[in-house]
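Chain lettering (A, B, C, D and E) follows the sequence in which the chains are written, and residue indices restart at 1 in each chain.
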Amino acid sequence: MSAAMWIHALLWLVGLLLLIAVVTVMGVWWERKFIGHLQRRRGPLHHGFHGLLQLPADMVKMISKEDIVPDSADPWLFQIGPLMVVVPAIAAMAALMFAPGFGLLDMNHGLFYIFAFQTLLPLGFAVIGWSCASKFTLIGALRAAAQLISYEIPMLLAALGVVVAAGSMRLTDIINAQAGVWYIFKEPLGFAIFGIAVLAEMNRTPFDLPEAESELVAGYQTEYSGMKFGFVQLAEYSVLFTGSYLVSALFLGGWNMPFLPASPLWLLLKIVACMTMTMWFRGTFPRLRVDSLMSLSWKWLLPIALVNIMAVAALALALPGIY
Amino acid sequence: MTPEVRAVLARHGAVLDESGFDPRADVARDAWRACAADLHATGARFFDITAIDRGEAVELVLVLVDTPSTQFTLRTSCPNESLRAESLAGVFPPAEWGEREVFDLFGVVFEGNPDMTRILQPDSSTIHPLRRSFELEERTW
Amino acid sequence: MGVVDDAEQPGFITTTLDKLLRWGRSRSMWPVNAGIACCSLEMMTTGAARYDFDRFGIMFRSSPRQADVMIVPGPITKKMAPIVQRVYNQMAEPRWVIAMGSCAISGGTFVDSYNVLPGAETILPVDIYIPGCPPRPEALLYGCLQLKKLISETSTIGSSRKPMYVPPVLPEEWPLELLGEYDALEAGAVWVQPERDSPPVTPLGDAESAPEDEL
Amino acid sequence: MVNFPRKGVEGSTETMLLNVGPQHPSTHGVLHMMCEISGETIVSAKPVIGYLHRGIEKLAESRTWQQDIVLTDRLDYVAQFSNEWAYCRAVERLAGIEVPERAEWLRTLLVEMNRITSHLIWYAGVTMDIGALGTPFIYAWVARERIFDFYEAVTGARVMPNWMRLGGVHTDIDSAMLKEMRDFLERDFPVEVDEYEALLVGNEIVQSRMKGIGVFSAEQLVEWGVTGPALRASGSERDLRKDVPYGVYDRLDFRVCTDDVGDSLARCRVRLAEIRESARMCVQIIDGMPGGDVRAKVSRALKPPVGDVCVRTESPRGELGVLVASDGTTKPLRFRVRSPIFYNLSAMPHMLPNHLLADMLVIFGGIDTSMGEIDR
Amino acid sequence: MFGSGLLKGLGITLRHALGRPVTELYPFEHKNPPANSRTFIAMHVNEEGAPACRACNTCIVGCPDRVLKLVKDPDDPKRAVEFVVNSGRCTYCGLCVENCPFDALYFTQDYERATRDKGALIYHLIEDGACTHEGEVDRP
């Protein structure tokens, strides 16, 4: 590895960590503000301009909170738990490309790399839930693991449809292949399945059973106070960012916009639009029940995803020019 | 009061008194459960079971609704020295909680109640507050 | 100049760090979502659209671990006392207690009852008292702003903080199940009143007025 | 609960005792539900109450008849006016006090508006339970605030009105305020209720969560002692405002809202229909309001004749019974409140087994508990 | 169609999101409660500056929670030397203001009285014969 590659990697690593910090701070602020206005109230207002200083205040308070380790908890797993969730979430962001050639590493199996790390998340949630030794976190963790695993398969299959269409797993190729028509128009079924599955991967409503406020107090994060809770929230928002990036890159044409020159700005706009969409859902929809959640994935999304792949493959073979 | 209810009360030797606001029937303590079971058979709906401390005895009051617009009370009294009565939990399912509350606040023990424990006060409490013998002390001016 | 010289003359860094901590803690008070009685209605109304709590960064958290403020909205009965005590003990340390409504301040209209404790002060170190039955949402907001002032005035250096764990202080005639130090429930153990090492630090009132008579 | 832990429902896993404890975001107050669950299905459930037992009935025995009205507000702190009215009707019947005509109309108006605010709190609770993050809850609160302003302008306090007196009411309502409330209830409020209906009953996710959950027949519910909207959702016509007409209910035309399916969604539909029905009734009451004074002359040291009476009233949660016994002195001998939710909740151990944990909240929301009245 | 209810729900929330919020900015826009709102009680002053209370004990007896305390002037039973209300225990039921035959008590419009120590909640409406004005309110 040449020295330039090291510097490039180091710079991008710092850039990614800063990106996550900004995404989390602005994400939480925008979520509280947007859902506030959704509910006809103002949201954070008096601390800083329209509440902008609200999140730094939360951070400062969370850092200085007491770090409680319950006696009945398994000390080691309890400490490692948040890390096991944050590390895969951040590692998955290494393969994101924000402009042609502008990204940490343009791997030719970028999509595969991202999904590989996303599959580690259920393990992290299970460790958190199990190590806190409280009944609510245990149920929350098992629900999280079951939900993430069962929604991964439709997500992969829907993404497979895109890979078949683009012919490569490199993110820049997928996005460049969408210069003309976005894949949302070529594979509407794939977009629908991928959207629902990513929503479930991000634990967002209507699939936010793991941290079901009303049933399980706070789900798997019940026992976390102070910075551990901050870490889990950091992981949640970076997964949200990665999910929104995938939806906008795979189906909404990444950085190219019809009739306008391609630039990372459009990609950023689409990501913010996708995140706002999830917040809109969070403010409106109630929560699914556990068994209907499972039956939706196994009995509905999976078969339709298979049909979608067959259709895409058949179309790709029958009329080569279509994709 | 419907004729069947009147017949049942007569059969159990209940002293009927319709002068008050609602008809009330006083029945002996040992016919308490049998009379309630027959009243339940005639279709009277359970409304409430409670007690009134008359000083020397605790009077059990069972309020039943025979027709939607009329109600009547079945009463019996337990002298202070033997606060016992047969439980109606088998006859009227909601009576189980009602009796637990009467036991908690008055100390009347109902034999046959599946869960004869306190319902409102903490289990470690030793008082039966609604008896007249229990005085509330005024703590502040 | 150093980070921590000693508690009496804190250096430059410590004072700015202290100011930052006070600023952060007072701007983000997360109450635990514990509604007891009628005052919890007004607490919900303050969280709703018209008098929005969220404007001041006050967001209801359902797990006591992530909460800083415990608003006690209602009378504490004998059966509820260990639960309220347990929720308080489960909260992470920089924590404050607001006694909302007459029942939490002094037992209110139920003070003579055999089953109600005369105020949240008997089992928790209370910081702010909000009179009213129930206090209006604006009065609750005013109380929270008073707490915000109290937090920003409480120096985080030195030992002016309250004791970490508040042992139960109830008279013997209310035997309660004894709960473990934090939350392991020892079934069956009957509570014996330990000597309190020191009475809870009376909250920082501007005038240390001695209560005239039995309240 | 006796031989715990037992084998699971299908004998697969051991059961686990989950305390949905007194401090829990969705138990609407301090109710402690001890559930024995195997996996996610509930094997048996036992509600533990008493965490808010303030001994109101003993306190009422050491106060005069007039001062007890202050205590009745704190019984069911969500439906305060119906508690006050139940107590006032019982004592007025015992003491034979004649209530002027306008007071009856005013009382009925405020109780029907209180039914709306009480059902709106139920609505907020149910939507919070199924996870809608409080958006419908906050929409319901906007309409509720509007009615609370009316309460404060009329009675002087938002939540604890203490407005009814023995023999009438404390303050009169001037016609301008009545007119303004009539416009709100006739024009803007039904539009808001359509919104609530769309957000709850119209939503497919809610239907998937509530349809077919907790289906109970009317006979079962009557057997378990359930009354009120929860019973009317299974097809029974029991409504005290029609069975034992009191106040001015016999002069109003309103229908008893029932539904014959009997599942949790039906209970939601019945309550939303009752909100609309109450709004229509309030408009009729305001139109037909006669003049006259609002309070009969009753001395503060009232001594009702010896005897006791039990009066039944239709509170938003069920049949509220007040049994008042007097021994001729200025203080009541016995003040017993038959709480509808006390007996509705006693039916929960029969309703909950082999439902999921998420269903427990949906069924639990169906009976709309408010702990002040259960624990007294 | 399956999703129609969901889309209608989204439409409602979007319409409210773009609409005007109904929040009142409390500490900056102070709105007085309506006229007869029952908040904290205070004592009227009659024309020659003495408190209007005639020490007739009606309110003391009428109060359900015994929250008021009256000390009569030993030599003039019609005058009150001290009138104390413990607003930490008061339930604001308004019976004292209603029962007073001389309308001496009235409700102030003030509700901002959260304090840090409990002693400050005991208000001496009459102190050694003179009416005390209500405490001034310090805005946060």
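Note that a contact is a pair of C-beta atoms (placed from the backbone, for glycine too) under 8 Å apart; a residue touches a chain by one contact, two chains touch by 3 or more.
Remember, it's a predicted structure, so these values are computed and weren't measured experimentally.
Taken together, chain A and chain C share the touching chains D, E.
Between the contact lists of chain C and chain D, the overlap consists of A, B, E. Taking the mean of each chain's C-alpha atoms, the chain whose centre lies closest to the overall C-alpha mean is D. The interface holding more C-beta pairs in contact, when A-E is weighed against D-E, is D-E. Set against the C-alpha centre of chain B, every other chain centre is closer than that of A. In whole angstrom, the spacing between the mean C-alpha positions of chain C and chain E is 24. Note on chain placement: the centre of chain B and the centre of chain C lie 43 Å apart, centres being C-alpha means. Residues of chain B in contact with at least two other chains: 121-122, 129, 134, 136, 138, 140-141.
Contact of a single residue of chain E with at least two other chains is seen at positions 6, 9, 12-13, 16, 21-23, 25, 33, 64, 86, 89, 91-92. Among the residues of chain A, those touching two or more other chains are numbered 36, 38-42, 45, 213, 217, 283-285.
Within the complex formed with chain E, the residues of chain C that make contact are 49-52, 55, 102, 105-109, 111, 119, 121, 127-133, 135-139, 141-143, 145-146, 148-150, 202-212, 215.
If you check the complex, the residues on chain E that touch chain C are 21-27, 31, 33, 39-40, 64-65, 86-92, 111-122, 140. Touching chain B in their complex are the following residues of chain D: 49-50, 53, 55, 57-59, 62, 93-94, 222-225, 238, 243-244, 307-310, 312, 319, 321, 323, 325, 333-334, 336, 338, 342-343, 345-347, 350, 375-376. Note for the complex: chain D touches chain A at residues 16, 18-19, 24-26, 40, 127-135, 138-139, 142, 199, 203, 205-206, 208-209, 356-359, 361. Taken in their complex, chain C has these residues touching chain D: 32-38, 40-42, 44-45, 48-50, 62, 64, 74-75, 77, 79-80, 83-84, 87, 109-110, 112-116, 133-134, 136.
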